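Below you'll find the structure I mean.
Order as written gives the chain letters A, B, C, D, E, F and G; numbering starts at 1 within each chain.
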């Protein structure tokens, strides 16, 4: 192989990297600033509405892994009362098939993705833990009504925040810095 | 002139930087020259084929995501096409277009990774990967927008796609399509004429045309060896016959050609995306399909041109809700057959870039 | 568009050359006896009008009373395809001849079929487990494997 | 042929490991219940040490499957794990502190994981990233998949998700930091 | 008695003797080569010491030493080439086995 | 002060030389050879030959010892060790006799040492006497030819037929 | 007379002789060591941040202002990590290797001039001393690769030997050009004689020296010793804890040392207007290191045989020709005007590079086995 191009190729390549030195870094400084996720995000949890659920177990049947454990007994008004509704989020692959299958909109994907735990047991969510709360919000996956109420996703394609993109600080200096644990 | 030394066996992998996962190579070396390669795989064998026999047709779709995890959308695509062929299901027009858009976006995303990690194997200290990852990140944003996940999409359904696209999707995609050729040009400037890259890849790991055909190599590996065979053209599935695009082919089949073919295919994919966006019709995104599909007894082999090569699904139905037999024709597994021909006589460093130029994905090889 | 050749017509051609080699034939596929598989494959590969130079897919299906090995063949030149099948009825030691010497593409796929389905490909240069490890009991893709 | 013998020996190793690890190893989580009671003398040393350790974890690249791509995504420009001082990805277990097991662990791979874990010098931490690593995930019923890496090695932090987003992984890493800060020099 | 020429010469003699013993007694060709290097270095010490103590205004001794170093480099290159060539045909570097004139 | 330095150096040098001869592990023997070269460079410094010391490190440590280590690697004789031959006792006798003779000669000779200060710095002086007028230019040229011949010879020997 | 000697002389008047001899030495060593360690820390931070910026990301920025304390945390952590010695390794050599890699790096700084008289010792063989000392590291790397009893380590060690020995020749020849112009081997003399930086006077020599030193300090695109995509971590694959820290610091120390040498030999060292000399030196060193990081962030790695071919067929002949040209110019041109020499040299450098691009092949292809 000859160096027939006199190193022009290398020079061009070096120029490209040099140009990038003056471009804004695309980094999101995660713990302090967070991306707005998709409105249809399938976060790493499920949200269950006990009032809407009839205990029909369609979700459990549609789950590819049989991961939803549901136990019911017949109540006094000839309805099913849910005794146990348990999802092992350490096993669920968040495919969303259960949410799509639910005929009463009683199950939704959650938004949050920060669900790391120190203990394996903490990943198994009981029916109390699965309910709607401050930290457990439903996403718009297969739920168009919720979807419409969520903020727009921040996209990397739009470089400016005004257009709906993520914020880029040109110099990339860190202004916000938490205690950093 | 070469100093002959005693051969020794080097065990590369299963945890090695350049095996793109958990591939293991038993390399017999003479000095630094490779005299024999034995592939040991199965370190990611998850038994997807067996699991598929116990799941309904719809429940298999999430599993196919995890085959070639760099290009999950095309796996979905190939699978649903095979099932639709088996059950004879008509797909709405809009869904067809959406599928094509997703598949071509996926192809760009995959080739970005293939080229980037190929450069990483060449030792370019992550920079090309990170530039290309930036573009891939944009695509992942779009995928996330339509189906809520960044990597395992579970988007296609038998008879269409799971959701119609949100209204902010098309403007963003148009912007991406407009910007992307500029970025590809930039990568071209960064890489394509770089003397070091040329010196490392030109003439290295040549796969002759007849060997490529005999080993049933597919995808960019086959096309780099000057075989104009692209299933999108040779056996048009879905609505690929409506688009105008070229099939880039290489000349000799060396690592540079494989790299070059991937770069060109990205440009062609951008072209297809442009046309698909322009032609996208209104309508339903999914046909009415019974939740528990029971296809008639029979068997079908559906194949598509996945980014890595010919991805085929061989399904046998016994008219139950789960397939009787579910076989995946994984492109990279079969592309690997030719690795030995390409690698013997080259140095360890070359073996690594040859492996990188095949663009392996272990999820698909081992299934 | 890849033209799928009618199995019956291909079967007729094969039968003319190798009488008694065809076990069954329908529109979709040609089923040959496992004894004559290698000759038929050679014939399909080397005949000018057929010219199947590209072995796309090789797999095996367990129909509980017999195993079926399926070959999907394509001719890149004529752009047509055919499905070739062979059956073996022995459950303990199902065997078909290997086609690695014709299509090297069969190398890993035959090893995979051996590994997961337990079909022995006679004449394969290196027939050992591909995905599972030595010492794994059974062949998981058989229907009777739990 | 010697290669054949190597294969058989490896197969035996896999089978014996399979038999030996039928029960999960309990999580090393006692520290969660303990209150922080530290010797005055050691405290400063502890503080400096934990400060250094938590802020410059060298992760070991252990991408097994899909999750590896989100792990690389976390290292790539957009999420840039380097901000936490983790930009030096080591491939040699000897120099790593944190093993991020990203992806499905099969029984065939298990001896390698165990070996690599044992090769890492103390103190070391393990993140199980993704459902497959936590519990086998979608492939739990499969004949060749380890149902959770806590059968093989102790896990400090479980990051659920299939695969988790890069932010999810970063959150898991911050959980590891939390643990390191609470640890005392005596244990290490 | 402060250190003078004699000390260096004795040191040189000791090193030379050790080298000689190695050359005579050792069977590994590479080790023999190493012992030859020791002997050459011993000679160099003597040369430089003479230059320092006997004719300090001229540097002839040092120049001789430089020549010795150059020759030693050439000798090592050729010596190692011979050893490797022999090793290739005989699979050994044991000098006791180099008893044939032809290899 | 200077005496102590000399004695330490002498001890290290002799020890390293003995290690080269005695050690069974060839790789370690080669490393003690490197140590020997380094101490000899320091000995040169004590003799006011600074240029020579640097050359010693550059050529012996930087090139020759590495060449030897590579030869050890390529011939893979490390595991066989470095055994002594049949001639061990005669060799010991011969070298001890030689040592005795040399030491006796050194001690019994009356050396005519000069008390002039050594020339400093040496680099320019060496250059002048090598290349200057009335210098050693002819030997330099001959050495150059020798080096060339050695390189060619080495290549020819290593080359595979 | 250097500052240190002056200090010694002054001390000799009030303290006994041995103290006056040892104390200044210790003071000098401590000062230089302080400079080196600070600069190494800065270098690690600088490279990580700069590499981040080249790759459109941020790099470490959370520890202290803009992440400047990051290398300190890294260093503290590595130092206190468990030190593993593999069972089958050669314990003594395994222990010794990092020392032998690290110490010569520090020894180089003995002859780096930080100011007009601020130098540890003004050796009259300064430049050759630098080359000689840095060649010792190769032995250390070889020992590390050998003692680890790891095949990757061994491959890396073999590569180290080939690479370092090969690139020593062009480096020395390029230095000779500088020496011819300066008329001295002493570093202070070389700096003093650079009215015009030698970068302008012999651009070709600079390029050869720069590439050669980048190869000697094993940085991309010549980082074959640690080529992590091929041989994982190379010679230090089995090292952990303190010993790994020594390799790690040694790597950056090496980079710092060679950046200092390049700045001294070709960029007129500490000389510069207005600012104090040490600042000028730091600025120049940073500029040199910037280029090194820039190359690292852009270029793919060469293959072993290409690397050797580049040294023997590319750099070595060019260095020889460069030496001839410089010698001729020193003989005939230097009296007239230095600027004519600059012009002539740039023309020569251009012509030679163009010519060599045509003539020279990187060699190495498939081997029939």
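Note that a contact is a pair of C-beta atoms (placed from the backbone, for glycine too) under 8 Å apart; a residue touches a chain by one contact, two chains touch by 3 or more.
What you see is a predicted model, and the numbers here were worked out from it, not measured in a lab.
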item	value
Target subunit E, source subunit D, minimum contact steps	3
Interface with more contacting C-beta pairs, comparing C-D to F-G	F-G
Centroid distance [mean C-alpha coordinates] between subunit C and subunit B, Å	26
Centre-of-Cα separation between subunit F and subunit C, whole angstrom	71
Centroid spacing, where centroids are CA-atom means, of subunit B and subunit G in whole angstrom	44
Numbers and ranges of subunit E residues touching at least 2 other chains	84, 88
Where subunit C touches two or more other chains at once, by residue number	131-133, 140, 145
Set of subunit B residues in contact with two or more other chains	2-4, 16-17, 42, 45, 47, 50, 62-63, 127, 130-131, 134, 137, 152, 190, 194, 196-197, 199, 203, 366
Subunit B to subunit G touching residues, read off their complex	2, 8, 10-11, 16-18, 30, 32-35, 119-127, 130-131, 134, 190, 194, 196-197, 199-200, 203, 344-350, 352
Subunit A - residues contacting subunit B, complex	1, 3, 5, 7-10, 12-13, 15-17, 20, 26, 37-42, 62, 64, 93-97, 100-101, 109, 139, 141-142, 147, 152-153, 155-158, 164
Complex contacts: residues of subunit E adjacent to subunit F	2-11, 13-22, 24-28, 30-31, 33-35, 37-38, 41, 44-45, 48-49, 51-60, 62-63, 65-67, 69-78, 80-85, 87-88, 92-96
Residues of subunit C touching subunit B in the complex	1-2, 28, 53-57, 59, 61-62, 70, 72, 76, 79, 83, 103-105, 107-109, 112, 116, 129-133, 140-141, 145
Residue ranges of subunit B touching subunit A (in the complex, touch as defined)	55, 58-63, 127, 131, 134, 137-138, 141-142, 144-149, 152, 154, 162-163, 166, 168, 172, 175-176, 179, 186, 189-199, 202-203, 291
